[in-house]
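Okay, so chain A shows up in both of these, paired with chain B first and chain C after.
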Partner chain A sequence: MIRHILSITASLISALLIVSCGGGEGPPALRLVLQTEPTNLDPASAVDYSSGWVSSLIHSNIVRFEPDGSIEPDLARSWTVSGDGLEYVFHITGGRFSDGGSVTAFDVESSLKRLIAPSTASPRWWVLEPVAGASDFHAGRAGGCSIEARDDSTLVIRLGNRAAHFLSLLAMPAAGIVSPDAADSLGRDYGRRPTGSGPWRLVSWKSGDEIVLERNMFSPEADSGVPRISIRLIPETMTRVAEFEVGNLDLLEIPPAELELWRSAGVRLLSKPELRIVYIGLNNEKPPFDDPRVRRALNMAIDVESVIGHILFGAAEKATGIVPAGLRGSPPPAPLYRYDPAGAVQLLEEAGYPDGFSMEIWQRENPESGRILESVQGFLARVGIDVKIVTREWSAFKQAVDRGTPDAFYLDWFADYPEAGNFLVPLFHSENRGGGGNRAGFADEAVDSILDIASGVSDPAARWEMYAEAEKRVMEAAPWIFLWFPVRYEVVSHRLEGYEIPVIFNGQRFTGVSLR
Partner chain B sequence: MAEAAERKKDAVKRGWKRESERAAARFVSNRAAVAGLVVLAVIVAAVLMPGLLTRFDPIEMDLSVSLQSPSEEHPFGTDAFGRDILSRVLHGGRVSLGVGLVARTLSLILGLLAGTIAGYFGGRTDGLIMRLADITFAFPTLLLLIAIMAVVTPGVWALSVALGAVGWAAMARLVRAQVLSIRGRDYVQAARAAGASHLKLITRYILPQCLSPLIVVFTLGLGMTIMAESSLSFLGLGIQPPDPSWGGMIARGIAFMRTAPWLTILPGLVLTLVICSINLVGDGLREALDPRRLVPWKGGR
Partner chain C sequence: MGRFITRRLLLLIPILFGVVTVTFIIMYVIPGDPVLSLVGERYDEETLERLRGELGLDRPLALRYIDYLGRVARFDRGRSFVTGRPVMETIRERVPRTLTLAGAAMLIAVGGGMAAGAVAGSGRIPWAGKSLMALTLVGVSIPVFWLGLLLIHLFAIRLEILPPSGYGGGSIRYLVLPALTLSFASMATVARVTRAGFLEAGSEDFVRTARAKGLGEGTVMGKHVFRNALIPVVTIVGTDFGSYLGGSVLTESIFGWPGLGRLIVQSILKRDFPVIQGSVLFMAILFVLVNLIVDISYGFIDPRIREGGGEE
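Showing the complex of A and B:
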């Protein structure tokens, strides 16, 4: 019997060895890893990080983000904008889908209209909302909108209002151009079998295991160093780390708990401040959080610097403002709230809560945020606030937070496009309360009107001045517990050259990297 | 007839006493079981009186001493929040052992009730109860627990009830089998003929005979229950932070496996020790109470 088991084990092991050796065949691959599996590679349906990230490698856009966040030509080799800022004329040329067909302006038109069309029901259609008539088209009140191909290479888009950030919107994953033929014939299956004109094409997708991409040979940038990308899907943090260490990965984001270890390990460690703010949103419409004194007290009760130092190991900057340093027109403001538990208790007394109160903070399943919230819980306990941490899986969490159910919630916001307005407007304009981004339910008329005026101002310095004013007012009102701007740390293998951490998550398409 | 039954009962009692003495002697001669009992006793004593070993609060954090390696001040080191691991292990142990005992007792009560009723009365009642037990058995225990814990608010009591509720079926099967084999015996028939009520028959003549296998199953199951509690807490469905639990400590220590291994290894070690000891004790009890070894004249002692 034992011999039998041994022989089975031996044959299993040899089978595994054969399988793992199989990966070594074919052209050398850039070996990447994702924590969560993409749900859908259709640009119109890709909402989560992984889906948008992979979809951006497969689809090209009219314009694209570079790793530093600047806008570069993609399918549009050049463009002109009318004097009133409302009409964009793009010169579309040179793009080829991975099935060989060239990308015409008509393809771009149909792809963008597909994103808005009510039948697509895209959760990201709002990316094209500034286009004149888009809202009516999406609501089914009109048969189309102002996106029009004049000939094979000329695309004209008219906007309803000035939108200084329109090009950034076009560079987002949702505005990726799909092959109209493939999208029509595959329907919902397109998300599994995408055909784009990006630098990469999907070769295989084994659920829970690996996604393999190869160069789109028809793409104009097909001749760079890496012919193939393997994206492993590994949910477990320590498994990803181990895979990198044994040399099976070329790139890895370092978990904060391991930062010290890697800093002293003599490896090629890259870092970049993210365009992302981490916060605990307070339900501004629900007592006791409708009282600004309570909200300020909460900000004073938590020693954010010490949490950054001991829980995040320094991988963040304290958020003294809302707009990350990379998008500011002026240096970050001086901290408005300093760690002062005695002051917090006093404020709570003034607000009528001398004995504190109990509250729930909701989070989605994530070990990192669990650790952070446990420290927040400890700090708030010292000022008499009893915190219960409620953990929900992402969709249940999002639904509850959008409805305004929880007292408070731990969340982050990252830039879809590099613009101060992309933080302040969705997060604090009263029009965006709920799912629009303003999940704290913050409403302030003065802030609203400043933000409304600012988005129409085209002079960047003047616009920033207005945004800074709005930011100051929001900071004073304290609709959140302001936490930090994370710094991303990645380690690259010795053979990977030319890689740079992108500031916008879809700003790195691995066309400029090479393997030694 | 009634007198005969009483005499028989006395004989049973005397026999039981003799047998329990022999069982105790057999248990003591089993070194592994005794070692398990000693380790368990030490851990239980420490868990009941954490103040003897540590002066730190298990919950109050102090970020300035986070992630310190084991030292004289903190024999088990500190976690990311600067909390003393030893204190957390001891307080977490209180929860783990307490939940284990409460859950096992609940299983025992439920199993005893269901098993006795099924075995004693038989027929349709038996069929119904045993099919219910089969249904409970059909679910993998951990999956069933996860499903239960996902719908209720996690906490010590919810956890105890859930763990107790999934354990009833095994107990019920065992009790039923015992009752079935005992209820036809001569002395039970005699008592019944003498007019003893169902309740008296069950509590005085049948159940005492089921005791030894129940003790063994209770003990062996205790280890599994503590393990299940730790698994649930590991998955975030059991004891909620900041309250300590072994499973939760192990789960949250994994991120620091290479920078601060004591966060995971020490609670894991204590958990392993406890479960091994309980199993050794359980095995010792099983051997000591094995009815096949209760036959005195074959042992020659």
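Showing the complex of A and C:
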């Protein structure tokens, strides 16, 4: 009997190994990976990073971002803007949906109106908020708004107020153009079976496993570059690393903790400063954080450079301002807060806290932020502040922070589009307190009015000057503990050529890359 | 036997009612809001309200509960809040993959575990028995994520004979490492229990009788000892298999295996109530059925249980 069992086991194992020796090779594909699975590829519903990223490969927009963040024509081959900056006329031509249909200005009108329409209930409708009548249309007080196709190739959009960043908004994933026929007939299933006019079309989506895209054969540049993209869905960092190591991936983002390892491994390592700021938001409406002296003291108590060096292995730049270097019209300001624990103690004394106080800093579950906050905890202990780190998973964290429950919270902010205003307005305009982005609850009338005026100024240099003024005021008020701008690192396989890390996450559409 | 099965199946109703109610309550007690996963980083209250209305989350809790019970009774699991996909479609896609992984792991656990246990329990090769038992101690104590990464490193990166992760469209090459990882702890338990069963049965009267009437050692071991050792093994297999259906989250995450465990964790993180409810209910049904099969199989393995039951 024992012999029997042993022989069965042995034959099972050998059978597995024999089968395992055969490996299939598919058609040439660019092999990418995502940590989290997209939830919905409908531009109107795609709110998370993965969904927006994949959706942007499938849908084209009126204009698009290049990898360097500049705006290029997409469906609109050209456009004109009226003297008052309110009327945009786009000449839509040449685009074709992946089902073969031509993209007309009427399709673009219908697709953009679908994003705003109350029946769509899109959380991203605000992308088109500057359009005249959009708010009334969205609230159900009007039957439409100022987006109008004059003929098959002419689209006219009228804005309610000047918005210098309007073209950037049109390049965001949410403003992707959907095939009206497909969207109508599929309804809520459109997010699973999208039809766009982008360079790629969805071939298969195996939930939790892999998404496969092929070139949209009707797109103008269909013959060049890679014919196929495979996007694996792997939640574990170590597993993604293993897949890259065995040569199953062409591209992989590297967490800072792995950086040293890869630097010495002789692989192609790319890096780019991100349009992202990492900060600890302080609850400006809650004592003792309603006192600017306390907030300044917290900024002086932490040696940000040392945290960057020891925990992030240098993969970040200290934030001496709020707007990342890539979006500034002038060099970053000199640091307003230097590491000065004695000065911090003195400020706390002046504010009436000679013995310090205790506070909570909330974070969402993430091993890296845990290490960072432990070091922050150590620095603050030296000035008499007793920090308790509270960890919640994303949903509970977000709910608490948006309601203003925690004393402080560790968070970051990504640019949706490459504009200084995309940092300052959502993060510090008092209208955006809470879920609008200003989660610290910062309110300053002077800052509000500068930001209101700046967004209508079309001259970039003049606009930047106003933004720089607003930034200076915010830095002085210290609503946050300002931390850093991260640098993104990616390793690239030896066969991939022509790839560049995009400045904006949907700025790389993989049409210009090739495989050796 | 027929009455026994019917009674157990009828028992499913109160059990499932309990499962449905408990999951419903837990979901509304824990902090977090499903609409927050739908709106991204920037939103206004008006959008939240609109989405709450759309998803029916603005109605009183009791009403939602009654409504939900009604839908369960009609086998209507609804659509995911997050993806908008019908819940049953998502579950149907995941279940075969989870069953494949759980089945393969069970096969390895039972095959490997009983072989090792038999070798150790028969006492024929003492050194092999001792080292196998030491190995099982490692097996029950090793953390799954560590074992998984170790296997990936050995078989995929060093030896390059198996892929590190993925489903591979159902190819058996992709199944080997996750199944081995998942099976390891069960294999060790099965080995230890089999060995104990062998040792215990070896000193029983009926074994002595079998030997006394001149049966060959192979027949004694195979027909008498082995069969007796099988009963506790079946119990372990039953409970472990049940837990594999939903508890293999770690293995599924490490190997990027698109199973039910990962689906449930993702939907809990996003507070995707319909998917959580649907899959928990589904797993509860499977769990009860597997246990029923285990109970029935006792009768086939051991005639004493069948006759002692006196149901037929």
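Here is the rule we go by: the second predicted complex is superposed on the first by the 490 of 516 C-alpha atoms of A that agree within 3 Å, B and C clash if a C-alpha of one lies under 4 Å from a C-alpha of the other, contacts with A are read in each partner's own complex, and residues count from 1 in each chain.
Rule of thumb we're sticking to: a contact is a pair of C-beta atoms (placed from the backbone, for glycine too) under 8 Å apart; a residue touches a chain by one contact, two chains touch by 3 or more.
None of the values given here were measured: they were computed from a predicted structure.
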By residue count, is chain A touched more by chain B or by chain C? C
Applying the document's definition of touch, where does A:303 land relative to chain B and chain C: first, second, both, or neither? first
Touching A:206, do we find chain B (first), chain C (second), both, or neither? second
Between chain B (first) and chain C (second), which does A:461 come into contact with in this model arrangement: first, second, both, or neither? neither
A:255 contacts which: chain B (first), chain C (second), both, neither? first
Contact-wise, after the overlay, does A:238 reach chain B, chain C, both or neither (first, second, both, neither)? both
With the two structures laid over each other on chain A, which partner does A:437 touch: chain B (first), chain C (second), both, or neither? second
Go through the superposed model and pick first if A:334 touches only chain B, second if only chain C, both, or neither. neither
Contacts for A:378 in the overlay, against chain B (first) and chain C (second): which applies, first, second, both or neither? first
With both complexes overlaid on chain A, does A:389 touch chain B (first), chain C (second), both or neither? first
From the superposed pair, tell me which chain A residues show up as contacts to chain B and also as contacts to chain C. 238
Interface residues, chain A side, partner chain B - complex: 237-238, 255, 257-258, 260-261, 303, 306-307, 309-311, 365, 367-368, 370-371, 373-375, 377-378, 388-389, 391
Where on chain B is chain A touching in the complex? 59-61, 63-64, 66-67, 80-82, 236, 240-242, 251-252, 254-259
Chain A partner contacts - residues on chain C that touch it in the complex: 30-34, 36-48, 50-51, 54, 79, 82-85, 90, 93-94, 107, 111-112, 114-115, 118-119, 122, 124, 149, 152-153, 156-157, 160-167, 171-173, 176, 218, 221-222, 226, 253-259, 262-263, 266, 269-271
Residues of chain A touching chain C in their complex? 1-2, 4-6, 8-9, 12, 16-17, 19-24, 37, 39-40, 45, 47-48, 118, 121, 123-126, 139, 188-189, 191-192, 206-210, 232-236, 238-239, 242-243, 245-246, 248, 392-396, 398-400, 402, 413-414, 416, 426, 432, 434-437
